[in-house]
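Both complexes below contain chain A, partnered by chain B and then by chain C.
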Partner chain A sequence: MAAPKSVAVFFAVLNLISLLPFIAFSFSPDQPTDRKILVLLDDLSLKSSHSIFFNTLQSRGFDLDFKLADDPSIAVKRYGQYLYDGLVLFSPSADRFGGSLNIEGVLDFVDSGHDLILAGDSNASDLIRNIAAECGVEFDEDTSAMVIDHAGYAVSETEGDHTLIASDEFIQSDVILGSKKLEAPVLFKGIGHSLNPENSLVLKVLSASSSAYSANPTSKLSNPPSLTGTSISLVSVVQARNNARIMISGSLGLFSNRLFRSGVQKIGSLNKYEKSGNEQFVTELSKWIFHERGHLKAVHLKHNKIGETEEPSIYRINDDLEFSVEIFEWSGTSWVPYVANDVQVQFYMMSPYVLKTLSTNQKGLYHTSFKVPDVYGVFQFKIEYQRLGYTTLSLSKQ
Partner chain B sequence: MDRNLGILVAALLLVASTCESAIFNPVSESHRSAASELLSSADGSFGSLEETYEALKTFEVLGIEKKPDIRTSACVSAVKILSSTSSALKDLFHALRVNGVLKCELNDQAFPGIGSKLKDSLNGASSLLDFYYSIGGLILIKDQTSEVDVHISDADRIFRSIKALSQSDGRWRLNSNNPESSNDAAGIALEALSGVISLASSEIDSSLIATLKNDISKLFDGVEKYDDGTCYFDEKLVDAHGHKGPLSASASIVRGITALAAVSSENLNLPGEKVLGLAKFFLGIGIPGSAKDLYYQIDALSCLESIRGSVPLILSLPATVLSVTKKDQLKVKVSTVLGSAAPPLSVKLMQIFVSGSKDASVIDQKLKFDPENSVHVLETLPTNVDVGNYIFSFEIIFDEPEHKNKYATGGRTRVPIHVTGVIKIDSAEIAILENDLGSVETQKKLDLPGESAVALSANHLQKLRLSFRLTTPSGQVFKPHQAFLKLKHDSGVEHIFVVANSGKKFEIILDFLGLVDKFFYLSGTYDLQLTVGDSVMENSFLQPLGHIELDLPEAPEKAARPPPQPVDMYSRYGPKAEISHIFRVPEKRPPRELSLAFFGLVILPFFGFLAGLFHLRANLKNFPKSIHATFAILFHLGIAAVLSLYALFWFKLDLFTTLKTLGLLGIFLMFVGHKTLSHLASTSAKLKTT
Partner chain C sequence: MVSSKMEKSPADLLASPGLSSMLKSLKLKTKQQELLIRVSILFLVYVLAFIARLFSVLRYESMIHEFDPYFNYRVTQYLTQKGFYEFWNWFDSESWYPLGRIVGGTLYPGLMVTAAFIYWTLRFLRFAVHIREVCVLTAPFFAANTTLVAYFFGKELWDSGAGLVAAALIAICPGYISRSVAGSYDNEGVAIFALLLTFYLFVKAVNTGSLAWGLASALGYFYMVSAWGGYVFIINLIPLYVLVLLITGRYSMRLYVAYNCMYVLGTLLAMQIRFVGFQHVQSGEHMAAMGMFFLMQVFYFLDWVKYLLNDPKKFHSFLRITVTSAVGLGAIALGVGTASGYISPWTGRFYSLLDPTYAKDHIPIIASVSEHQPTAWSSFMFDFHILLILFPAGLYFCFKRLSDATIFIVMYGLTSMYFAGVMVRLILVATPAVCLISAIAVSATVKNLTQLVRAKSKPASGGSGKGAASAKVLSKGSLDQSMPFQKNGAVALLLGVFYLLSRYAIHCTWVTSEAYSSPSIVLAARGANGNRVIFDDYREAYFWLRQNTPPDAKVMSWWDYGYQITAMGNRTVIVDNNTWNNTHIATVGRAMSSYEDEAYEIMRSLDVDYVLVVFGGVTGYSSDDINKFLWMVRIGGGVFPVIKEPDYLVNGEYRVDKGAAPKMLNCLMYKLSYYRFGELTTEYGKPPGYDRARGVEIGNKDIKLEHLEEAFTTSNWIVRIYKVKPPNNRW
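Entry: the complex of A and B
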């Protein structure tokens, strides 16, 4: 009974291996508003001195819970449930947190997909430095160092040590900094940090100019400073693999009302701006951090033979198939169709056999069609969409 | 809290922590715009009467026009409370305060009723706040109408009962049951006591006043002080909303002592320095972000503006960065905390300290007063002031000596001054030296700052020398904070060297032999970049000098690898190249006709076979007849079914289905086959026997 080999096919088991497994943690599309954020401060007066920043968050529907960093009642987790969706650490000098929170607690919080804004400052404590280091950001080890830029400082009648920097070296990304161009430079006064070149998750959002360096402004330099030039990052963001987003700034003053309202003129430039770019910069960046922009979801993944509508259980070699998926972006209030021309699908078994760019109908629907390769085996449809600032879409279907 | 407040001040002032002097500017236009921004609500009304009062008071002090709609809505609610007989003490007090500011049209009949009510509650009061509201209310009535007799007869008793709540350290308790004392309560008590003094129908016992003065001096002993002269009253009781803190406590005490100083017949001997420190504290906050804090700040400053005995005067400088090249003049402005003009006085520049050292040069120079802009001008900087960071020490001297008792100047004010200038750069040159002899191989002059693009080449046995000279406008050698030479390899590896100064010259010699290890043995083109900068150098520059071609030896095996360079983050993202599957090319087949011809050839023997059968006269005579024919036909059909099953297996069915069906067919075939064969056997046996 010689069994003739049947035409082998793909066993289409139709089980979704991982359709957006991460979104559910940090970011709930069902209840996207009214999210709770814990704000830890060194001093309650920061609440009023940084009120513009806090007010913009509150006006966007966030529920801020202010606490002193050494408040013994701090707890981010109760009975295994996180009480907050985001954490703002405006406590650069805190040596330790009050209550049950510690560095592991903060990292667990991020590891479970929650967002974090961390502000360091000159004389930042080891705790803050360690948290930043765990996120892939190394603050200058010299605790008295500040970023100095003698060729890129903000002109001021009263500050003469060139540590108030006017930087306009932003990341080129509309999704992170908003589509409106930042006209005025951002004022920064604080410490610089460097990024590990091997870490691909952390991005420099605001970097120093090539003439900047990080040193103690009052002592004489005998050795080259450890951080110089454009490798100094002033503000960085991290998008973790679980789509948790972290913002690390070397300056707490960046968020302050004072610098928000202050006018700015960069040395050597004739443009004088009434208002610094800080407010727009911080507001837009916080929108990104709290997933109000750049958060994608893919739904309605479909594939079928051309001319049919049902999803077949198997494809034979040389079949012509159609594939379509819908991608939406969260706009802060609703899901809007995401329009791009570089979404790609892979027909994948160990390695992609077919990789094709999807064409879009400008309404979020992406589709393509191709011929099934003449290789027998179990294939997956796979979309791996990684773009600067967008959450990573990674889904596959067998 | 001390530590926290330290950060507060550091964060808010953004003052370099290195100098113990700082500049405080009086209230300015930015406060006004911030106030209008903060205190404007959409519908023109405020939450409570207390908030309304605070907003109105802030507007009044800052001189901002009140919007008429605020007036209407606030008046309505104030009059409602004042006319009602069942209003709480606190509400009455706030309503009277609002009325005091707005002068609402209120039926005068209401006042006597309120007055007697307040007096009653004053007699029954036990907690500090009750006293405060009642006395405060009575004072407000006194100000608003003259028809009501608000004088209290048993002022001594009330004074004593308020005093009974005081603590030995000058703080007060809110009521007798609560052991917690606070500075905030002290301020409230002082305000209440000043009210008692002004309402008293007879003179208060002078010994009571004396103990009160003692209390105030104790209170001031407990003030927290900073190096820069800032003083504040700390508050240990921080309530849940964060409204109470150093700011509110200090504001409360300032209100209290101002009120007391206004009514007390004798001098309170307030420590002028500490009052000035408080003023600096309120100004140092900058522009608070919340309406409440703004009220505390502005209200306290307005109190300080009019405090009797020691009105603080603030010495401020519009600019502390002065350029010697542009011949900037040093301007000093003296005003009260709210920015109004100071009495006639003169400012003297007493000493100049070089930042970071204790050396001081005594100047004792009087600044010229410019009445037009009301600033004091130092027309030319002293000759020994070169570019650099200095601390200037000023002193205020009153033209009329009796002003000394009215104003607090806090002695000498130290202000950091940055004197900047254009630094002259000359004799800049770059050279390649032979290692052993030190003889110059190539030497090029550089134009700093300017354009230069030198092209050098060197091997590891040679040296690179870069030298230049920096002089200040007055001809001194200048040592900048930043003097870096950067070598950048094509692969992105950077090396930074500090250019050190040797005597008059800045010089760096790079001995490549000692640096090959540091350079990771990377030969090739290095870009040279020189950065010279300092906070007082107006022409700080970053200039590419050109490039140097280095010929370094091969790396030994153990040499360190160059560090990985950051990947360009934009290139990390982006679409990947498309992949399309290359299908196997179908095998080459002969044309159709040929295949058909061969098919015909293959099938031909079959026809031959049939023809042969016919030729041999094959017959089916032996085919069973009658009932046995059925079995024979079924048998053959069964065989055909098995064959077609095989065909199905080829096309469609899997092994399991095929085997199952095959089993069933097999049983059937066995049965019919046995029947047929047994019939055939019996027929042939019959033939044999016959």
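Entry: the complex of A and C
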């Protein structure tokens, strides 16, 4: 009697989480890169003082729409459709946005899969702080505090207060920062922030050195600073679960022409660079943020009994089955096969019954075969591939 | 299909004695009249049994009741749509997510196959009925058939008068009606018919010693096995009965033939039901029958040896050796079988029958079902009414005229009465026995009295049988002649009996219309000015689920509602009323009794999309989830020791008001039930958040939900559905 019966009704869930890349929900899936970006400024003069950054974006094909943060005509959404694919907030002091945009609007924008670059600064407004806090980043509570590093400041003409720091504590990820190694330290002048430990999605991209602390440079230090050392993050990114990407920087100047061009010499270091790492850092990071890199997609998910091609609705226990999927990466202009040897598939019912590494043919096709376990149940095929910087892909198939 | 045919054949056999007696009676005028009366009474009883069960259809509408019937209905639908083979191999992915359930191998298919067979027959006859109508009316139809069986059984036991009374009593007995009203499409509906049929055929086989009747009883048994797990009662009662007959020296060839035929064939047939399978020869519950079978052989062998030896002395020593070795062998076989795991031990349900306190201590999930609670006296009275008084009287009559058949009914009556006392729902099993024995009492009394009244006239009259009045009755009658006023006394007593019987009829009608005809899925209450208020919240909620949630959404609820959600809401559930996996139920119980964030983790791991709770605080509906909550805690705690019952109690008391335990006030179930309830004024003159089901003001009125959001609440707040939010996008 109990003839082995059907076991596996399946759903295949494919989760590719990647570290870096771009996400694609609001764009056509074939073209994950953002196209239209709204830039909100405190002051239109920023347009010229940060022109290098904006020009690189424009030269990569982005359509930038500049507005003052309090411009009453701001609207990111019309008739339920988002007008922009990305948002750049270079308005650290804005207390409120003009038009219909508010904090919920910005968060909804992100939650519907769009990207955000947020630049804070010392004296950042509550609005900016709240947006950052919602993304898992806490700016130093002291509004006038800045990151100070007496052992890691950049040598400059004036002695100053060591608030212009040069940091080379980058995240180790080719996907986020590009494959070209950043030689020069990045110049940073602004407020530090810490990551909320409850948030598992936020990453430090640029952190301060162990000798840094966050305090008001003009007043005497009366209490120990609340933020010290490497726990201070200067630039952080978040890849949300829907693959929206967020970059939060504690310094607006990071993007400015002045710091792009200035040379840098870190105190105590003999190396003097003609040009700071800022331009390369910001450009590569913006490529990741706007999904020009690190975006994966999985297609042609297939499973069937060995020797058949049809996908059955049900497997019987001890059937032999084949499973294959194709994974591609967005190169900025086209989809290229993604090659890795660590993609695994799970045959999953509450816990994985089968966990197999997929073999690849170097052309993006991943493949494996296994025997259905001797257990009845509703199983899912599940690929959870989470690599720093790559997007999450989630497919389900029944 | 197979079993439906089986069911036909005993029915045919049934008809034949009636036919032959009809032919005979054609010759005699009085017999003809008597037969006509008898047949028309039986016909009226048949119709009555059917009609009395239609209250619920008239009062509400033609729909399926309660919980389990919804599963049966869904399965029947599947069977009629996909055919028998698919049905047998059905793997149901909509229940017990993500484990699934192999439906074909885990149910008793008798009911569904019967209904599908009726459906196909009607279709074949070009009656375009909907399968739902068939399902709704299956139980009344079989209840009506039961009255026929009761008639024949009564006739076999006593005389046709008793048979008629038994048919009439069982037709309206509340204990039976409770499980067989239109719409209660449950196994019991056909199982009682099958149970009584099997017993009748077996008694007939014992009385006649005929192989044909033995075969028929085996087929009846097969139908019973296919229909209900209660068949275990048969397979234990019959060996017990045989044992009693052996001990009392009533062993006969007839008994040998009947039992062996019934046991061997019955076992082979029963093993064809996949859910039973090899259990029938392996599990502890069935061992008594097997032991009895071997004992019968030993007994027969001894009989033979005794016949051969012809020497009492030699025979006695031989007897001693054989009995010792047989008993020793049996004990060793049983011991080895149990130790090696070949013979499975008794199941929890079986234990709890023998020891009513067992379930409470060991298996909370069995004890949590209200049907499994010990019976209260009031419900005996409610379900049996005067039968409760007539029962001992009937026993008296049975003992006065002992025969193989009456011994059987006495044993059936006594054992089933005991079981009825242990579990509420087994009142159902006791009902036919009680009806039969009471019918004997009524019939015998009335016959004696009428004989007194019409002292010298012919004894035959209306409902009280042919002229087969026994010698005892006659002699008793002549004894009574000497007493004064006996005629007047008899008239008075007769009137008393008729008064009692009419009270019984009134009681039954009232109970049927008031208590047993509510579908429980639609609730009715009396409004302030006596009008009927209908709460149709369940169907509102299930309809909402069906229309507004994605087709593959998974709904978590306490298991009571599982069948209804899958059948009506057409959505996947985590647990349902088929309580086969205690751990899974305990996981749900744990989620319900944890804090919200812990529960969220559990729900995520089970892919839960919606949570459904039943809440009676607004309407005063008392069988809601808060009242069931302690069972969730107990069941959850039975598997996961993190959940501790004392955490939810204050000084051993269960309360929801301000004095409740902090864990209670913040567990998921509490939050989901009372979310935003604090803003609602339910009753004039009471503070907001006054819970009408428990009569207290709730203790936590400011409930915030973090991971869930309210998706739907029905108009009377009875069903509340929450959506499980996806994990925070940016966290």
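Definition applied: the second predicted complex is superposed on the first by the 363 of 398 C-alpha atoms of A that agree within 3 Å, B and C clash if a C-alpha of one lies under 4 Å from a C-alpha of the other, contacts with A are read in each partner's own complex, and residues count from 1 in each chain.
Keep this in mind: a residue touches a chain if its C-beta (ideal position, glycine included) is under 8 Å from a C-beta of that chain, and two chains touch if they have at least 3 such contacts.
These figures come from a predicted structure and were not determined experimentally.
Participant: With the two complexes superposed on chain A, say which partner A:Asp342 touches: chain B (first), chain C (second), both, or neither.
Facilitator: A:Asp342: touches chain B, not chain C.
Participant: Mind telling me which of the two, chain B or chain C, contacts the most residues of chain A?
Facilitator: Counting residues of chain A touched by each partner, the higher count goes to B.
Participant: A:Thr228 in the overlay: touching chain B, chain C, both, or neither? Say first, second, both or neither.
Facilitator: A:Thr228: touches chain B, not chain C.
Participant: According to the stated criteria, A:Leu201 is in contact with first (chain B), second (chain C), both, or neither; which is it?
Facilitator: Touch status of A:Leu201: second partner only.
Participant: Go through the superposed model and pick first if A:His300 touches only chain B, second if only chain C, both, or neither.
Facilitator: neither
Participant: Once chain A of both complexes is superposed, is A:Lys272 in touch with chain B (first), chain C (second), both, or neither?
Facilitator: neither
Participant: Classify the contacts of A:Arg96 with the two partner chains as first (chain B alone), second (chain C alone), both, or neither.
Facilitator: Touch status of A:Arg96: no partner.
Participant: Starting from the residues of chain A touching chain B, keep only those that also touch chain C in the other complex, and list them.
Facilitator: The overlap between the chain B and chain C interfaces on chain A comprises residues 1, 3, 6, 198, 200.
Participant: Quick check: in the complex, which residue numbers of chain B touch chain A?
Facilitator: 3-5, 7-8, 11-12, 14, 16-18, 23, 30, 34, 238, 242, 245-247, 285-290, 293, 317-321, 355-356, 389, 416-418, 420, 479, 481-482, 484, 486, 494, 496-498, 529, 531, 533-537, 540-542, 563-567, 569-570, 572-581, 583-584, 649-650, 652, 654-655, 658-659, 662
Participant: Can you check the complex and tell me which residues of chain A touch chain C?
Facilitator: 1-3, 5-7, 9, 11, 107, 110-111, 134-136, 198-201, 238, 240-242, 244, 246, 314, 349-350, 376-380, 398
Participant: Across the complex, what residues on chain A touch chain B?
Facilitator: Touch residues, chain A against chain B: 1, 3-4, 6, 42-52, 54-55, 66, 68, 92-93, 121-122, 148-151, 156-164, 171-172, 189, 195, 197-198, 200, 203-204, 210-211, 213, 215, 217-218, 220-225, 228-229, 231, 252-253, 256-258, 261, 318, 342, 344, 346-347, 352-357, 370-371, 373-375, 386-388.
Participant: Can you tell me which positions in chain C touch chain A when the two form their complex?
Facilitator: 89, 91, 93, 97-100, 102, 104-105, 274, 277, 552, 605-606, 726-731
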